[in-house]
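Look for subunit A in each of the two complexes below; its partner is subunit B in the first and subunit C in the second.
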Partner chain A sequence: MGTVQGGAVQVGVRRADPSRVARYGILAIPMLFVALFFIVPLALMVVGSFWERAGFWVRPAFSVRAYAEFLTGVRLFVLRRSLAVAGVATLAGLVIAYPIAYFLARHVPERTSRSMLLLFTVPFVINYVIRNFAWTYLLGRTGPVNGMLMAAGLIHRPLDWLLFSDVAVLVGLITSYMPFMVYPLWLAVAAVDRRLVEASWLLGANPRVTFLKVTLPLSMPGIFAAVIFGFVGSFGESAVPIILGGVGYQMMGNTITSTLGVLNYPLAAAMSSVVLAAMLLFLAGWYLVFDVRSFLGKLVRW
Partner chain B sequence: MTRAAAARLGAWALVVGTLAFLYLPLVPPVLFSLRIPGESAGGGATLAAYAALWRNPILTEAMRTSALLAVLTAVVTTPIALLAAMGVRELSAPRVVLVLLLVPLFIPGVSMGLAEAFFFRLLGIAPSLVTILIVHVLWALPFAFLIILTAMAGFDIVYLEAAYVLGAGPARAFLDVELPLIRTGILGAGTFSLILSLNETVRTSLVQGPLNTVQTYIWSTYLQVGLSPELYAIMSLLIGLTLVLIFILPALARARPRPASEER
Partner chain C sequence: MPEPLLSLHEVTKRFGSTVVADRVSFAVHRGEFFTLLGPSGSGKSTILRMIAGLERPDRGRVLISGRDMADVPPWRRGLGMVFQQYAVFPHMTVADNVGYGLRVRRLPRDVIEARVAELLALVGLAGMARKNVTVLSGGEQQRVALARALAIEPALLLLDEPLGALDEKIRRDMQTELKEIQRKTGTTFVYVTHDQEEALTMSDRIAVFHQGVCVQCDAPEVLFRRPRTRFVAGFFRGSNLVEGDVLDHTDTQLRVRIGERSLVVGRPPGLVPRGSRVAVAIRAENVRIGSAARRCSVQLDAVVSAIVYRGTTVDHIVELRDGQRLAATSTRREIDAPGARTPCGFDPEDVVVLED
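Then we have the complex of A and B:
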């Protein structure tokens, strides 16, 4: 892996002219923007989760009431369900996306694979609320899925657990987040040095062993990135449970929005901080175990 | 058929099948928007729902807001992303910077929207077009950054060095040599930012204040009164617009001048 990274990090062209200060200056605007409008608000949200309610707003304090309220009530069930549903959705996404990414990275010309990646990106950018409305029809009692199953003689009555159920929520989550899991996986598989695969083959390993011992371990950074993206997205999802889960189907995301609806800011902030903590945990693991640059090696290699 | 050919066929079947599964939900909104109220499926088609859209003042106002926001998001995000990508290259891609720039990708929309809403309210900034714009730019930035980074990777830095040797300053070298070659990436980043802004709901809904975008209009109308042919019509228009915009991207890519150092 060292050589791969070494190749990717051969970056900073030592130019004669601009001073280091000027080079940092280029980064100042984007960094300041992200720090001020993103990092600061997230930090404030975590701080705010320890504040107290005061009428319709909050008062600075140090109180863990919001967390106690969260972890003792029915919301603990919401947390457990969100973890389970997001876990299953992420795993399913990975199982679908990895073979696709592997195939596109290894067995398809680069031009074709880029077009395919674009095709996977399109549904991701089309508003997912709109796409999930469509699933309520497709999975409904009178919808085409039930229609086809009945026409095929597989069932005699429409399945009513297809919609407003865990199944529907999983379909919604997988179709929302799986498409974009393909991209980091593709990046990671494509970044694996082919010579290593050839070496493994020359040394007598069969394709399965080569995959398990060479390609899979070396594509872990991409798997991790895809898992973070899929898991955190599903875990904090707010629209899918409302549209496809049916009345009273609560996951972290829509529980947060409904808590905001009754203006309980500290509780909403506490729940949101838990989601954030889950994300940071994953991201810290990723950061510590892998070199982000090696994962971006295909992009950052000038 | 050989085993390799069979495996290849199976892999293509997986790719095409998954794509079909992903594109399937784009069909029903279009069908429902054309349906004549009261008649069952297949009972003729009408464009009445589309005509009704223009008679809805809340919706036309939301369309104006959405269009303005989308354009502003593209205009603001692209230069920031370009600076970020250039900075990352100049400084040998520091890990902290990369993580900071990519982290908005990994934060769920609700958490991000809530944090922004809380932040603006603590500062006493009333929700406005600007607050929505900031949220949209934050959301689009990592994508735009990655797109420009990809374009820059296809650019051989030797050209810049040649420009310096010939006496060009950094600004001149960038404008005359690099910019034309990474133009596609920059346009792509702008288009993608525009599309993301146009399709954003959750983050927007927490900082929108009295304003409506088309997406928040769809979402709040759904929550209050449910779906209607008008909603399906506006959804179909959004799907169509997004598809048109995104398929402009490959057309741009074809028009791109080939840099000397191609892939791999």
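Then we have the complex of A and C:
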């Protein structure tokens, strides 16, 4: 197209292919949106983390004071606690979500499993604040959990550590993010070819060995996707620690919020930047270990 | 006769309301290349899966070396299986795939390595041990799957259309190679295919399946020359199916009229009353036309209606006086153009009266 036959002079200008223009045109809209509303604000945040406080506002500078304040103060403990709590919540979510996903992918007819997966979205119809406040009633001293345990004679006094504790925060985080972990796990297990399992059986590997040597390694990309969903969500959560952690329970999310509350913008930006960097490292690790495209390719083929 | 290695007794399997295997019985002997042949949906793959233990028969028994397999799970049957879509483990190298069954059996590492090398040489993949299986071609992946199945020295190797996903050329090469590997290793093969030519060239015996029923089980030559039913005769390309009238019968013979001639032919088992119509199969290469027909003991008047040139052979389609059509295959063109009158001849020993 566009070439002149018969040895005529080639025009030096490359004719714009209209379909190419259309393609980039369509792509430009979401790209612009992402750039304007995500990348630019994040970049501004990183820049702002190096600025200095000036009264109620900030002034441009290149100072690492905010980082020093973060990494030497009590807030470092908050970072460690956030990592630990998010890690435990993610692990627990994985332990709960994997069997669910495995069961739905392997032992339930496809139609049923699809509608059952839809049920995992039901909790999200309810506003998360209300959902988390429901736990304060359920786990409270006079709540039904303590009530049932006492009625069953297992305890004589209500358990105090059920609410406003690590336990309550973990319950809140697991119930908020575990359902999201089911989907990538289900996709990954369903994408493992059944014939590979059958081939393994015939080669003498019983179902347990087959699971460990075939199904589990082949569903690894899904496990990592689920870990990212669970961990990133839990780590940045601010409502759960406020509602279920009790007074003074700090995780990165609500610490950053409260820092903004006292108008220490550089410190809030520095903490956010550290969290962002940690998450980017995490994603980069995933990308290096698993070729994301091959995982997506598998899903598409499936 | 020694005890068969594998035997099925009245095996029946239903999926919902469809009967995919209907009282199937056959026996396979040690070292045999046994083929289950039939169109898709004839139940042959399900039968293979029941032998493997991947499906459970509703009724009937599967015996391996005389032992009932009803309560033996697939991982304790010691069988090998090769799937149509290769089913190699994508997260393992070629060597790890081939050595999988040996690692599961916890054999020493040096034993596994030696056996893997031996098998890779057998299937023509020597030097590929460290490669990732996903970069291999379809034919190479299937060789890996074959080596993996043979590594555990299975009592029986089950192959479910193993060449079905491969290109024509590679398929032909692999047919010869598979047969060669079977001969070298002395392994008993139970092979599923829908390709009649593949079945004929490779098998010692073939069981033909139609709608879950094993309609005939014989050596390739017997199946090809002496089909017992219309289905079997029609399944192997090149059979003419014509109708004849039964004039008379004895215990072993029938006198039938085809067109304007009557001839004495062998009699199938079952009731064949006088005056009934029977279906008769005559292979196209046994039908002669033109001058060659004059040497045949049965001759009929015919008109050539079409000539089909096939390269090595030429099919002449002729129409008999009663309107029935026959194909005559010869190595050269016998008649110049359609429309010519010609005698059409065959010998009674090439005529097979079918059971249905």
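The rule we apply is simple: the second predicted complex is superposed on the first by the 272 of 302 C-alpha atoms of A that agree within 3 Å, B and C clash if a C-alpha of one lies under 4 Å from a C-alpha of the other, contacts with A are read in each partner's own complex, and residues count from 1 in each chain.
The rule is simple: a contact is a pair of C-beta atoms (placed from the backbone, for glycine too) under 8 Å apart; a residue touches a chain by one contact, two chains touch by 3 or more.
For clarity, every value in this text was computed on a predicted model and none was experimentally measured.
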Tell me the contact category for A:Asn206 with respect to subunit B and subunit C: first, second, both or neither. second
Tell me the contact category for A:Leu263 with respect to subunit B and subunit C: first, second, both or neither. neither
Pick one for A:Tyr287: touches subunit B only (first), subunit C only (second), both, or neither. first
Just to be sure I read the superposition right, which of the two partners does A:Val214 touch: subunit B = first, subunit C = second, or both, or neither? second
Larger contact residue set on subunit A - subunit B or subunit C: B
Does subunit B (first) or subunit C (second) touch A:Arg195, or do both, or does neither? second
Could you give the residue numbers on subunit A that contact subunit B in one complex and subunit C in the other? none
Parts of subunit A lying in touch with subunit C, wherever the complex brings them together: 193, 195-196, 198-207, 209-210, 213-214, 217-218
Residues of subunit C touching subunit A in their complex? 52-54, 73-81, 83, 85, 87, 89-91, 100-101, 104-105, 145, 148-149, 152
Spell out the residues on subunit B that touch subunit A in their complex, using ranges where they run on. 8, 11, 14-15, 18-19, 21-29, 32, 80-81, 83-84, 86-93, 95, 97-101, 103-112, 114-119, 121-122, 134, 137-138, 141, 145-146, 149-150, 152-153, 155-157, 160-161, 164, 169-170, 192, 195-196, 199-202, 206, 215, 218-219, 222-223, 227, 235, 238-239, 242-243, 246, 249-250, 263-264
Provide the residue numbers of subunit A that touch subunit B in the complex, in ascending order. 9, 11-13, 15-18, 23-24, 26-27, 29-31, 33-35, 37-42, 44-45, 48, 57, 96, 99-100, 103-104, 107, 110, 115-116, 118-123, 125-127, 129-135, 137-138, 175, 178-179, 228-229, 232-233, 235-239, 242-243, 252-253, 256-257, 260, 265, 268-269, 272, 275-276, 279, 282-283, 287, 291-293, 296, 298-302
